[in-house]
Amino acid sequence: MSYKILEGKKGIIFGALDDQSIAWKTAKTVHDAGGKFILTNAPVALRMGAIKELAEEVGTKVFPADATNLEDLNSLVDFAQTELGGNLDFVLHSIGMSVNVRKGKHYTDLNHDWMQKGWDVSAVSFHKLMQCLYKKDAMNTWGSIVALSYIAAQRTFPNYNDMADNKAYLESIARSFGYFFGKDKKVRVNTISQSPTLTTAGKGVKGLDGFLKYAEEMSPLGNATAEECADYIISLFSDYTRKVTLQNLFHDGGFSNTGVSQDIIDRLMGDS
Amino acid sequence: MSYKILEGKKGIIFGALDDQSIAWKTAKTVHDAGGKFILTNAPVALRMGAIKELAEEVGTKVFPADATNLEDLNSLVDFAQTELGGNLDFVLHSIGMSVNVRKGKHYTDLNHDWMQKGWDVSAVSFHKLMQCLYKKDAMNTWGSIVALSYIAAQRTFPNYNDMADNKAYLESIARSFGYFFGKDKKVRVNTISQSPTLTTAGKGVKGLDGFLKYAEEMSPLGNATAEECADYIISLFSDYTRKVTLQNLFHDGGFSNTGVSQDIIDRLMGDS
Amino acid sequence: MSYKILEGKKGIIFGALDDQSIAWKTAKTVHDAGGKFILTNAPVALRMGAIKELAEEVGTKVFPADATNLEDLNSLVDFAQTELGGNLDFVLHSIGMSVNVRKGKHYTDLNHDWMQKGWDVSAVSFHKLMQCLYKKDAMNTWGSIVALSYIAAQRTFPNYNDMADNKAYLESIARSFGYFFGKDKKVRVNTISQSPTLTTAGKGVKGLDGFLKYAEEMSPLGNATAEECADYIISLFSDYTRKVTLQNLFHDGGFSNTGVSQDIIDRLMGDS
Amino acid sequence: MSYKILEGKKGIIFGALDDQSIAWKTAKTVHDAGGKFILTNAPVALRMGAIKELAEEVGTKVFPADATNLEDLNSLVDFAQTELGGNLDFVLHSIGMSVNVRKGKHYTDLNHDWMQKGWDVSAVSFHKLMQCLYKKDAMNTWGSIVALSYIAAQRTFPNYNDMADNKAYLESIARSFGYFFGKDKKVRVNTISQSPTLTTAGKGVKGLDGFLKYAEEMSPLGNATAEECADYIISLFSDYTRKVTLQNLFHDGGFSNTGVSQDIIDRLMGDS
């Protein structure tokens, strides 16, 4: 699609790491839709990733910022406002990380310092970001803030570990801050609960292949891809969705409301 | 358990068909807990079932009533009040039937007259029953009304057919009528969303065996049995739960909040 | 907005009655976005309404059809396919009516024949419509079907009466049929749960003014208007939302996830 | 009620501070129902509270433990097992605190160190407690673990501040850990979402009086009291509810499923 539905809109995109990232796909899609933006990621991620290449591709700049650091966030927003020439219309928060997942700690044997680190990066960063935007009055009226979440916030998945709890906290922040952003600034705040997606971050989740297969067979439309997620995100940044706020929106091919599919039942009965 | 937690309480139990029925198990459990009650079922079901045997076992009477017929319901409530000596403290609605399921019509090819019949029996009967109880002022303060439901009201299961829609309507009636029963009479109204259970009614659902197996492996505590459901029902009839109302309560070994279990993933990957 | 995001797409819009209708606003918005469509409503509504005027305004035709009548629905779909030259990409179901509401019957004293009539018109019509589309294979791959709902399907509102139960049934149909439409045809099915809206239909709900005020003060972004709903609908018809299905989507300024607003608390405490 | 439904059962009760506490009421109710238990609270709370008086009243002991400290939790569980003579059947987690609430920081201007402190005390403590119980294998089969929550975990309430996010995290922990406790130990884990209650902790929430009044008028059965909550808790500790797990159970007089009450609408329209 090449409709310029974000023409004139300005924003910040967090979390583009490499060409598998949902944030990367979103950056390209926003660009195609006429939006301008600054890319950002943690300094350490920037060293690993290919984000500069992407920045060149879409003619924009990268500003390194640790999303758990209020000073970094303040500098980032200042930079974006200066660079883009005014207040912001959209922000994408696509950040998540669990040290316990990375280090293979089981949920019944967590390291609680690591739990705190993952919580700070994956969830509190969203509060810090919005607090910074709110206090600076950096969002335009009818702006849109979106964070990426996952259905483990509602239902338990054995290997998703403390990321489930982080996503529950993240979605709660969206509601809690969305209230004040709505009442005071006419800005909407939502989370998208996306199908499991084979990003570099997703690869860290043990048993993801088994779960991808399960989700694919469960979902009436199959799993949603990163590209499709980017399309959905720009509909939420656009003016078509101005009164949607405080929501957690499932973008998952119908997985969330499917109790079981015939395919899964057939598999179970076939091998019995 | 032999605690007399329903001592002095009186009620009506709908839907005991044979010794597989949840209503049958509930009748025995209520009896053991000290409650008195009248049993009822449709005249046609009475001819098929063994309900009189149960009535003798628990020392009570059976009053035939078509739950879709207001006159029958009025007579039943009159009979129960006379027989039990006063107003009622508890009512169990355990009624469900889909002609489309019985006749093997696919959800994409329903007979809409049959759809209406199933809706009337499975869902509207609950409204008619409560309207009768409400207008007669037949419930005691802090009484408890319970209907049995199923998670297909929230998520789709390919073979549950129009029963899913009937259960959604039933749960809505619980909320809608529960408001007025609460405000005006201090009576609570809830539904229990029970694990799939191999009752005579359940046997009519095509592919139930596959689904029972799936649910058993998904649920952290395994499927809830009919006996366990009876135990749960009497906790909702008792005075321990006086402020629980307008709820749909999952009694399912944790199925409803489990995204997927490791057992299911292992099965899927094992046969790939 | 004048982006042609529905260019090349064809559909049917049910329920445009007069210039207050959400369906009317949707017709105009779809037209502006480049979509082609047939308008339809019940013959009796056509006599009352101004729908022909609208049809002329957007250069299309009106086909009278009783949405509870399978023959009428079949003729309508045949007509639309012929007139528009091929299969359909979008359908809007915006139909709802309760005889009990119209005649002022209280929820605790319903006429059950009227209850059935309202259920048939407001909910079963959606199943009949989809069954017709499915059996004729009349939808294009990645098509989108939307029905309008209301939060009374989840929570009780004292004057919404049996429309609450009808909306719960409607939303269940969306999930049940959405499964098969997804798996078999790659078509998505969703409901939008819209703010209370002062349409001609809405005016029939007793005490709507009080509720509109309450909802306005509760919702962080205020109530969503009919025009805004039309914008949201076309985002769901567009290719930006291809993997969203089986969902009930709140378009309500945040009402659904607001426990209470400060404005409401202030009002309550101010007059105490 | 004086049924001994917890006869032979042993457990730990966290959070009894003074005679307003839900945990205090629960201790007395568990005692009356025949259960044995150890009381615990943070050393600092013990100095403030009247918990020793309660312990004498119910003939048990108090073991001071900081619920954020794994060593303290381990010592507590050891003590309880020794003192009570074996493994545990029930645990109540009734702990919550927000430094930001106490110090009057607005949600849009939080101190993030305080946010972490409140999260650790209110939510992570529940994970630490269960991890300790799980690793020690300290729960009997069919045991029951309950934590107290609040509906702010689902919907936003302007003054509930970061406690909303903490409760969302707490409820997620119940699901995440409940899966493993269910599969591996046949132990159930649930949260109760209780009406706003005027406890010493509750008094810290700004504007609680306004909200109590609102909730009272919204709820069909009125707000649930602390005593009623204690009754509900023991039903969840008892054998009547063995297959209920991973649930968040609303004990709120119907508040959670009431969209609005007539009383509230009348108030709004009366003062307009």
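We just call them A, B, C and D in the order they show up, numbering each chain from 1.
The definition used in the following text is that a residue touches a chain if its C-beta (ideal position, glycine included) is under 8 Å from a C-beta of that chain, and two chains touch if they have at least 3 such contacts.
Note that the structure is a prediction, hence the values are computed from the model and not measured.
Between the contact lists of chain A and chain B, the overlap consists of C, D.
Comparing the centres of all chains, each the average of its CA atoms, the largest separation from chain D belongs to C.
Annotation: the B-D interface is duplicated by A-C among the options A-C, A-B or B-C, judged by over half of the residue-numbered contact pairs being identical.
Centre to centre, using the average C-alpha position, chain A and chain C are separated by 30 Å.
Distance between chain centres (mean CA atoms), chain C to chain D: 42 Å. In chain D, the positions touching at least two other chains are 155-156, 158, 175, 178-180, 246, 256-258, 261-262.
Chain B contributes residues 1, 3-5, 175, 178-183, 186, 188, 195, 219-225, 228, 231-232, 234-235, 238-247, 249-254, 256-258, 261-262 to its touches with chain D in the complex.
Looking at the complex, you find that chain B touches chain A at residues 151-152, 154-160, 207, 209-211, 213-214, 217, 256-262, 264-272. Residues 70, 107-110, 112, 115-116, 119-120, 123-124, 127-128, 131, 134-135, 153, 155-156, 158, 161-162, 164-165, 167-169, 171-173, 175-180, 184, 246 of chain C are the ones that touch chain B when the two sit in their complex.
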